[in-house]
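What follows is a set of notes on a single structure, which appears directly below.
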Amino acid sequence: MANPADVSGLNRLIADGTIRARAIVAVIGKTEGNGGVNDFTRGYFTQSLMHMLAAHLGEPPEVLVKKIPCVLSGGTEGVVSPHFVVFCRDASAPAPAPGATPALAIGVAFSAPPAPETIGRRAHVLQVAESVKSAMREAGISDPADVRFIQLKCPCVTAVAAMQAVAEGKQLITTDPNRSMAYARAAGAFGVALALGELTEADFDEASLLRDFDIYSTRASVSTGIEVTCNEIIVLGNSTSWSGPYRIASQPMADAIDIVPIYKVLEQLGLDAVPQLNASQLSRIAGVFVKCEPDRRGRVRGSRNTMLDDTDINAQRHVRAALGGLVAGVIGDGRLFVSGGAEHQGPDGGGLITVIAAAAGTVARMAEPATGASL
Amino acid sequence: MANPADVSGLNRLIADGTIRARAIVAVIGKTEGNGGVNDFTRGYFTQSLMHMLAAHLGEPPEVLVKKIPCVLSGGTEGVVSPHFVVFCRDASAPAPAPGATPALAIGVAFSAPPAPETIGRRAHVLQVAESVKSAMREAGISDPADVRFIQLKCPCVTAVAAMQAVAEGKQLITTDPNRSMAYARAAGAFGVALALGELTEADFDEASLLRDFDIYSTRASVSTGIEVTCNEIIVLGNSTSWSGPYRIASQPMADAIDIVPIYKVLEQLGLDAVPQLNASQLSRIAGVFVKCEPDRRGRVRGSRNTMLDDTDINAQRHVRAALGGLVAGVIGDGRLFVSGGAEHQGPDGGGLITVIAAAAGTVARMAEPATGASL
Amino acid sequence: MANPADVSGLNRLIADGTIRARAIVAVIGKTEGNGGVNDFTRGYFTQSLMHMLAAHLGEPPEVLVKKIPCVLSGGTEGVVSPHFVVFCRDASAPAPAPGATPALAIGVAFSAPPAPETIGRRAHVLQVAESVKSAMREAGISDPADVRFIQLKCPCVTAVAAMQAVAEGKQLITTDPNRSMAYARAAGAFGVALALGELTEADFDEASLLRDFDIYSTRASVSTGIEVTCNEIIVLGNSTSWSGPYRIASQPMADAIDIVPIYKVLEQLGLDAVPQLNASQLSRIAGVFVKCEPDRRGRVRGSRNTMLDDTDINAQRHVRAALGGLVAGVIGDGRLFVSGGAEHQGPDGGGLITVIAAAAGTVARMAEPATGASL
Amino acid sequence: MANPADVSGLNRLIADGTIRARAIVAVIGKTEGNGGVNDFTRGYFTQSLMHMLAAHLGEPPEVLVKKIPCVLSGGTEGVVSPHFVVFCRDASAPAPAPGATPALAIGVAFSAPPAPETIGRRAHVLQVAESVKSAMREAGISDPADVRFIQLKCPCVTAVAAMQAVAEGKQLITTDPNRSMAYARAAGAFGVALALGELTEADFDEASLLRDFDIYSTRASVSTGIEVTCNEIIVLGNSTSWSGPYRIASQPMADAIDIVPIYKVLEQLGLDAVPQLNASQLSRIAGVFVKCEPDRRGRVRGSRNTMLDDTDINAQRHVRAALGGLVAGVIGDGRLFVSGGAEHQGPDGGGLITVIAAAAGTVARMAEPATGASL
């Protein structure tokens, strides 16, 4: 991936028959912008990808973008490498053998567009929870314990939309667009926690969002953006209804230097990484997803850092660079999805680590792009 | 250390008698600037420190600054925490018992000011080598193999000095100040390599600097700045002539995600860190020093990163953030000296990791400040 | 001024008798930091200045810093040049001749430290108004119409102070430090407006601050910082009680491209600048002070700009660079005090321009430093 | 233009018949990236524009991009507003009346791709000069004095291309991509100067590029980028062979605060701007183009600025912000093309200002987009 518009690698794989364009169900990736409001590399990638797929599928880009969730996180600080992971589903694959190990399962869902006045509120939480359940059904996962990772994209309220809503007499939770983004992420994380049974409806009220940071999901990764109009959901887990070489594991991280869960996730996938994956182990890795957040208290284990006070570099860029360095050191590769904005996604000041790996003896396609599971 | 001028911690330790101001022989630390040309946090710290010490020692700041090497690296990206390490030497300490384990030894040296036309040239290399040997003698280290870490500060040629030198008919290796800084670092690294026997005079000529990156020292950490007029050298090693609880170990790193040498260094100090130091082990750490450099080829293990092409964030800030995250994850602490500009200091695209730890059963003072060895 | 610690120019002028150290009553300047929370160039300058003055005055720096208001704004974007203006007062100057043109007058005041719970509230506004009146008395200005420029530094509530105050059961207007800074600036501007009769006590309540932007002072320039514990005030105006060659004029600016008031201010000082001051006119300029703010609506005269959405460059840096370019183009010099954070200081989205010039036929000392008026 | 992909304004004008897609001959604009190597907003805009035009013209985007020069400059610092100017040519327009005022004329040219080893060399200069003459012929301009502005895009040598060329035994002027960009801009400027008779072949040799800054064109605006493979040229001037309401004027600027030429250019177009264009005058402006460069000496009229030493903000961003503020203040609008990298384009440390305006009594379409002249 030479730049945000470079989808030539995937195009080649489709052209040579390695990947069937029709099989692509979702894309998650990192692009090399600043990850902030004025990061246009996400849109540039999506436009390029959809035009390319349109040529293969004979459907217009504007239709495809509403069918294939495409979640990009901007910001490839430090050793993080721009890349994307392509999830494919082969409907013609043979049914799994009875007693087979659960394999990577995927389900996607698009909700109805939430009204501006519901965004970041209880109604939004409930709507997300419903969509998560719908995506779980599509993935054939009935036990929430089998879900390992949920990537969500939630809409937020722009300044213009806020002004219009206020003019219509609606009561928004906030009129500040940045604050709206944080509330949308919080509602997404609460919705996931609710759907997975990490939280009950009785356990929270609206005031809990962005306030009670003891409430969190250990499997939610939420992003938000003005380009999204409905909640887009990708559910990943392991299921006996699916076949294929891929497995997924995930762990919460207690803080930005919590290296232990990284090794634990790898161990769960049968990868003994200490201190670093060797080439053969690395060849089994299909995707690594990290969610993190600068600690609101400005400290990690008592030592002050300068992320939150830096007027020159956004705090999210600081924390992505640090986490990227840490996880790359264990994995031995910089092709990591490292994303900030982790409110209620993992422990306060911490985050999540998720890895998808092929079974021992098989090789993942962790080129650009990597391919996912088949039914 | 609440800000770059905050030397209150050390002041308190001197006031309460924990540290004798007279015993301080060197200071190495990180301040929270951008680490670039316009980073004034280094000067602000030094001014604050010297004024504080002047009050204790009864000598003016401008005299002290020429006696106590004070090496600051700007840039506390990611989880790196502003801090400084104070090296003390207690001349009244009892001689080490025969057969005792070698203890941390320190020696410092200030060379004569090199002429602008020699900076970055062979003459500069030879001058540094001489000063390193002088500092080794002061440290009581005769075998270069006992040297583990040499921190150097070399002068460079400013634009103004360059113009003047050219007007006087002198031939500079470069008139570009940034290039001059790189040449000065290269000359410093070559000088260290020469003094340590990693390189012979026959092995290189002037054209080797900044060109032949197979030549490097595994124990040099060189910085440069317009505020320095002579080569300032701090030699650290282990020696049977010294007593005290501290030991030092160091290793080269092959690239920016080479986690293996970090564990190796800790192991050499009797610290089994896998995957992370526990609280008791951490209490023995007195200082961690990392030298790193964005890979000139724009890739780490084949994966493209965006450090060198980023117009918004300087490449050195990217790499410091990544390395800081990695090393902090293993150590379990963000108080790390992570410094860029590692030309010829460790393998090309890689760097160095050095750790000072107290012996098992003793506790290092890794507060701000930590204290060092005694003779 | 070669760097933020360079006070050698003023030191020379004191040493050669041009300026009497005892005559210095205030300093206003620009330093080359980022102007944000982590800008330490302001403190570095102040430390350097006070140490230098201490050597001349025989008083310790920590005493001087409480007697001589020293207002620094960080951020010399674009063509803005680091510099500072020194205001001196010669108590032995002869009384002005009857009927003489009013001359530049200066008064300073330090309030008692406001309690954290009053900061940004009505009590803070009233306290500032009292201090402004006190500084006006010191300046010998009784008619508010004679006041042209009031530079204020107000304390704000740090995160730590906020936590402590909340623990003590106190009700803060906000616990967010950045928000606290904005409230402190707003209270300062309201206090000035009140003292100058631009506002009456009946015209506002606490909810007006940071909300009703039709309320503003046309002569307030307020900064805030964690290093300040009380309101520090410098009042500048023209008065028949003062003599000396300097005059001051000021005008509000409607938006960030409002060039008209710049010419108007110069005209009021007898300087016909169209389109740019010539060398002789420029030699009369002693100080230029600009206050500005990115427009909250993201537009200037209907055209969208990207200041507020830029994750890489802080909006205040954008607007200072633009205003600096504009004013430098008219004045013909980059030594301008251009400062952001202009809530309620001039029209919403606009700001203020103030110029001090020597009378025709005299030359201002707009070197580093420039000198001010005498009684 | 809400973002770099927003070509909806032009699409609407084409849809409603205001602009014929077939008439579009060139586009020049500003996008809101950082203007550096990793600015992808230029490519994103071009991709979006070409897809949109492809729908109207029935030709694929990859063909159109080679027929319609589309010059984007990234970086809308300060008050500069993202926008683009569309140049149209109506071949069916009636011939101009004899004796009519010369009207805006436009010609474009694409050269053959220069070989890597010629880029930045004499051969490149001569090639550009030939292409300029060809574009002048297309514009119907025979007298170089009638040319007012030449916008050029020149290819440069990427790191990869450099390595390949060296491997093939070719001798490049530099293997450093950034340096290659500077040489390409220099060659472009020399080529324009040669074509316009500002320079003769005897006046320079290869060593003059990037060295002898007394050689410059007063009408060249050159950009470079890795996305360009040949020299793309847009020549603008006034010609009696063209009709239509538009006229163009340009002036060199001596330094970054030289306001005088801005007024002079407006005066040449019959616009008395002092101190700022009024609404009626502004309605006649169709495009404003500014070329500028941070002064290599770090000073403007003797006052030090910090552009070149800033590790956080690229110097080009500083200077664009300052120039944008200055020119916007005179014009009264932020829709300005302000571009850096002005080596040999205007006086050393200065730049150029060019304005296109409609004749008195007519209104320019300075919306997004503005339209140009017709034959």
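When the chains are written out, they are named A, B, C and D in that same order, and each has its own residue count from 1.
In the analysis below, a residue touches a chain if its C-beta (ideal position, glycine included) is under 8 Å from a C-beta of that chain, and two chains touch if they have at least 3 such contacts.
Owing to the predicted nature of the structure, the values given are computational and were not obtained by experimental measurement.
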What chain is the most remote from subunit B, judged by the mean position of CA atoms in each chain? D
When centres are defined as mean Cα positions, the distance from subunit A to subunit B in whole Å is 40
Counting only residues that touch at least two other chains, what does the list for subunit D look like? 32, 34, 38, 306, 312, 317
Graph of touching chains, which shape: line, ring, star, complete, other? complete
Subunit A-facing residues of subunit B, complex: 1-2, 32, 34, 76-83, 256-260, 262-263, 274-276, 300-301, 303-307, 312-313, 317-319, 321-326, 328-330, 332-335
Contacts from subunit B onto subunit C in the complex sit at residues 3-5, 32-33, 38, 40-41, 43-44, 47-48, 51, 312
Listed in rising order, the residues of subunit C that touch subunit A in the complex are 34-39, 159, 298, 306, 309-312, 314, 317
